[in-house]
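Given below, in the form of structure tokens, are the structures.
Each of the next two complexes has chain A plus one more chain, namely chain B in the first and chain C in the second.
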Partner chain A sequence: MMMTDSSINLNLDKKPSLLKIFYLEAKTETIRLFRTPGFSIPTLLFPVMFYTFFGIVFSMNPATMPTYLMITYAVFGVIGPALFSFGVGIAIERGQGWFDLKEVSPMPASAYIVSRIALTFIFSTAIIVLLFGIGAVFGEVRLFHSQWITLAAIFIFGSLPFCAIGMTLGLYLKASSAPATVNLIYLPMGFLSGLWLPINFLPEFMQQFANLLPPYHLAQLALKVTDMDLGFPIILHISVLAAYTLLFVFLAVKAYHKKDKQ
Partner chain B sequence: MKSKFLIIIPLVLIAFFLLLPEPEGTNDSASGLAAKNSAEKSNSSKSKSQSTSQLVNGDFIIRNVQLYDGTNRFEKVDVLVQNFKLAQVSPTDTENMNFSDSDIPQINATGKTLLPGLIDSHTHAYMNALSEALNFGVTTELDMFTMPEFANAHQGKRDNLDNTAEADLFSATILATAPGGHGTEYGFEIPVLKNASQADDFVKQRIEQGADYIKAVYNSKKAERQHFPSIDYETIAALIKSAHKHDKLLVVHIDNLISAKEVIALGADGIIHSFMDKLVDQELIQLMLDKKAFMIATLAVQASVTQQSSVKELMQKAYNSPFLSKQQSQQLKATFPNFGIPAQALNNALQSVKQLADAGVPILAGSDAPNPGTTHGLSLHAELELLTKAGLSNEQVLYAATGAAGKYFPIGDRGRLMKDKLATMVLVDGNPFVNISDTQKIERIWKNGVEFSRVSVENDKANMTFNAGMINSFDQQIYLTKMGKGIGETTDQFAGGKSVVELSLIKDSQNFDNQFLKVRGDVKSGFMFPWSGFSYLLGENQQMGVDLSRVKSLRFKAKGSPNTKKLSVLLFQTGSFRPIQKDMDLSDSWQEYELVLSEVNNLDTSDIANISIVRSQAIGEFEFFIDELRFE
Partner chain C sequence: MTQKTQTVATISNVGKSFGDKQVLSGINMQLHQSEILSVLGPNGAGKTTLINTMLGRLSLDAGEISLFGHPPGSMLVKRQTGAMLQVAGLPDMSTVKEHIELFQSYYAEPMSYQQVMDYSGLKDIENQYSKTLSGGQKQRLLFALAICGNPKLLFLDEPTVGMDITARKSLWKAIENLKANGTSILLTTHYLEEADRLSDRIVMLSRGKVVREGTPAQIKSQINTKKIRFQSKVNISELVAIKHVEKATQLHAENNYFELESTNAEEALKELFKHEIAISDLTIVGAALEDAFEIINNQDSTSSASE
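Take a look at the complex of A and B:
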């Protein structure tokens, strides 16, 4: 690995700046991911392609579908990078031994997590920009600036519970099985949460089941902004998402320590 | 370099978010506007009970119709409307199109004539003017003096596709006149012009207030009749100059030949009223030709001024009388005071119009409604008859009310039927090229591709009176009410929307004797301004109002599901397009609601046809509950 960045000087007397570490780690990770087409293309392309397909070209109701599906595909879009960058990423790095190498390096563990969260945010932003752009131009989605911005904020911060889920998966799964397993969770969960088609298109029992799935709650939260949600209280959705986050952070910490003992 | 990058990316993102489109009409409270429009829609569509045939919207074919497109006439063509627009209008487009296997509605219009929506080039619009106009196929009104508040409220709607319950309005707002001059006699405080130095400011103010063009009133010092003070020659000259400087048309009210000559020579774009003092002379004809000026003939009002109006005959015609509101009938029956203008004066006006038209001066049709003896809508048809009487060919007359107005006023494509433009048009029975009064035999009216169901009013019946009492306790059933016609579902499906609603009775879990109404539905956006709910029809039908003046208030209990926090109560006056809307907040527990009728602004409690309780604020499923609906 070549250190071509001139901003790094090896003045070891100085205490390293935590911010700088975060920045460098996030930057190198971002560059790495953009250079991994196996990650960047599907995560960016899938939501955009599906949205264009179901939300615009084959829209059943041009007045509401483009707006509704723009929101649900954005949810679909932002949970992708969270699950993949954490889930698959950590699993593969563990398999390659890269994870252990980073662990023994002087870099604090927080940098690892912060950089990956930053990475998720960057990909989320890219997906949001793409979907909003397509929605506005081709789907004639019209929202107030406050709504556009609130939605973007919900999507970006709404990816955090999925970062936690991804982290847990990454620590439990084997490198070889991780991509397939994450896909097996990601795609059906997206569908069952009503991200591909409006939730009320699904049979009643599936709608009930969706209540258990975190993407459903994130989507409902976002749909509230345009008054297209099913009308359950905000606090319910936030609580479920918070509960999932805490549960999976707990599981991840457990998995991390378990791994150490091996 | 790197830090620049860190700044540029957020800036690009901010720019991106600022560029994302917002809904139109963000200045108004958007949802309020939507609700208002949807409510208007709901009323216009509910009058459907009057029309014998199915309304045809959006996509349809009119077959074998005689078509007048605002300039040219085509015999026996098929006109295709797709997605509210004219997909094909002239026979040459037909060849490539095979309609036969199409499943869109077809209207056989053999023996009928399709005209562009008519344009009345001189009205004074207020109150229900624009809905009354549309009821007679007048789809655009060029107002020549009204209050800016009224004008602006309607000017803002004219480019909305869903503005299908009233005519489009263009307005001069306040006219330019002298202190005490014509225009000041109506009791409104209006700005007036004392001298030429005020002209430019006056024009600027009008434009700021939303004037689409400028109207001035002028009477030359040289004129024989000096019945009103008038702005002087220098002022009218300055007004014309200023209007043109600001790219606005200026039209002048004149009532004599000499004033007409002066303003045309000064460059006025048009004169209003065919003057009655003298016959037009060659000098004015030549001036108008040279200056490319037009005349808005207002023979209908001039017939009324000279006590020669034959509009009462029109009122009696079976194809007109059902569609005149009480107010319109009153306006038509009203007369001017006898100004002592000789009967011959009207002949001058008629002959002058004929001579101008023959010479090639553009003539536009205007009614000057609602002056005494005229009313919105019907009086334009009276104007067309009078123009024919003056000697214009039927084609010239039809052009005066369609293509000509569109050519000389900045009103877009209105007045013409063109491919890829909105289908705003009138289908009449018969052939107005042979008999001009056939324009009154209106079969169908489309505004922006949406068929407008003509509103008819039963004027003669006294309204039934309701007293306080239970309307429906919902303990036994939903649809029958203790008084009035009953309760029914109402959704935007009437207007082509897709919203659905379902009414059912639910047993109170605490008290099984008590039941209440559950209104469950889905407000869907198939239609631009959707609604869904139930309506309570008081009279036998939408056109029969009920007198509620002995009733203090409408009361009911209501609660909503978590997704239904707002409701609207819509109060419809008989024959009115515009319900009065009252929004209320719902909670998830039962609450008592009271609407005190006397506190509702602009509500004539003696004439209420329909009270609807609907959801229109938001798209999506909703559910609310109503109990003990009653008058107190």
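Take a look at the complex of A and C:
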């Protein structure tokens, strides 16, 4: 017999405020990660350190290199929080059983995702401000206002495909191996995409290979703003990034809705 | 059944297997409004699997589960449900208060923060990071998260693990209060004293099947074993030989305390006196739930082993 009594069904349709959930979830998560030095220090300092070292102090060409590397290290910088907050964060919470508790709670799945995207954007903004500041003050990077703004927008929204990749990694990886695995993807992928050194410093076959990597396309898109890209069409870069996003969102949704996870 | 008793959860003929292993089979049970139902059973009996099917985390191979007339795992049901699962860790760097306020936001009509504090006793540590909490404090926080939404249906999976007796007793009190306010509670526990004290009904699982169901008193009465305890200088071999004594144990060798188990305590006592054994400090107690549990499990494992 199904329960249809009205005295119990009375409140079933009441809904909490979705906006409040999004806000609190994002706030709690962001505050938590700023308090976690193991997350906040590497994600903020690595790009800044590398850029200062390779782009300013040991710059091979002071005319173009500070600008070029400011852009590619910003790409490197925004990928970090996306991959780590999603990839490592979800894997660890799954390992603890905390993710399960969230899953059975009435938290909408969208809140979990939106809050982590928001915190990625916040960390990305912090990294961009730091790199732009160092570039402008110590690297004498001179750009139009419109260029600064366009670049910032490309970096911030460009982190989305990596949020999708991180989410999928977080749902498939084990907590114990997630940090190492994500680093093994993040660091080589950054190097091979020409984020550490300009892409044309790499041998021809590696440049070909870079075409498969999403950070390469995000970097080329951003470098177009200062006319420093290799000259491929914008639509190519956007299409590849969109394709990666769709593919990994699909994989993540599949993993999330898989029942009987043990 | 009176008019006031509403069914909150109906589990009909539920079966579940992992690969070749049948974990649940033919489970039928109901949970009523303002009722505490305990699911007991040894490790591997299927308790956690049963909870996971009710939470919508596992698919069913057979049967049906209905919560408030809806399938498990649907958002409508989740908004009426609180769950305390066995969680190894919480995100370290959030405070107790932050955790609770976040979970409260998931519900349309959450419990007041003050009320959550009263039930969970976390007021003194509300600004501590969850990293710094002891095992028992973590359990209390998980309990707070389960109840903070004012749920009509509450799942408590081993809620008092790692708690000291004071914390355990205050949690029992909170559970009883919630029940009095109309919450239906499904509890699993290893502490039979806890099930005995709290439950309106008990379902005993063994190997994925319901082997007993009833009130704690009914379950205990199915076992008519009584325990006869006394002090004596007798030799234990003499006690074993007494008619109607099924089992004799020496409790404290230095004090000469003995315990006899019998399903016919009156006759056993007559025999004991006939033997003219000098005894002192005689007590006779009925089976505790723990004994019932052990005996039923032994019966079931021997009967199924001989199948």
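Rule of thumb we're sticking to: the second predicted complex is superposed on the first by the 243 of 262 C-alpha atoms of A that agree within 3 Å, B and C clash if a C-alpha of one lies under 4 Å from a C-alpha of the other, contacts with A are read in each partner's own complex, and residues count from 1 in each chain.
Going forward, a residue touches a chain if its C-beta (ideal position, glycine included) is under 8 Å from a C-beta of that chain, and two chains touch if they have at least 3 such contacts.
Just so it is clear, the structure is predicted and the values come from calculations on it, not from any experiment.
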Should A:200 be classified as contacting the first partner (chain B), the second (chain C), both, or neither? first
Go through the superposed model and pick first if A:148 touches only chain B, second if only chain C, both, or neither. first
Just chain B (first), just chain C (second), both, or neither: which does A:21 touch? second
When the two structures are overlaid on chain A, which partner does A:132 contact: first (chain B), second (chain C), both, or neither? first
Give one of first, second, both or neither to describe whether A:227 is in contact with chain B, with chain C, with both, or with none. first
Does chain C touch more residues of chain A than chain B does, or is it the other way round? C
Which of the two partners, first being chain B and second being chain C, lies in contact with A:64: first, second, both, or neither? first
Taking the contacts chain A makes with chain B in one complex and with chain C in the other, which residues are shared? 7
What residues of chain A sit close enough to touch chain C in their complex? 1-5, 7-9, 11-17, 20-21, 24-25, 28, 31-33, 35-36, 93, 95-98, 100-101, 103-108, 259-262
Under the definition above, what is the set of chain C residues touching chain A in their complex? 6-8, 10, 18, 33, 55-59, 66, 68-70, 73, 75-76, 78-81, 83, 85-94, 98-99, 101-103, 105-109, 129, 142, 145, 149, 152
Which bits of chain A are touching chain B when the two form their complex? 7, 61, 63-64, 125, 129, 132-133, 136, 140-145, 148-149, 152, 200, 227-233
For the complex, give me every residue of chain B touching chain A. 2, 13, 16-18, 20-24, 26, 30, 498, 524-528, 561-564, 617-621
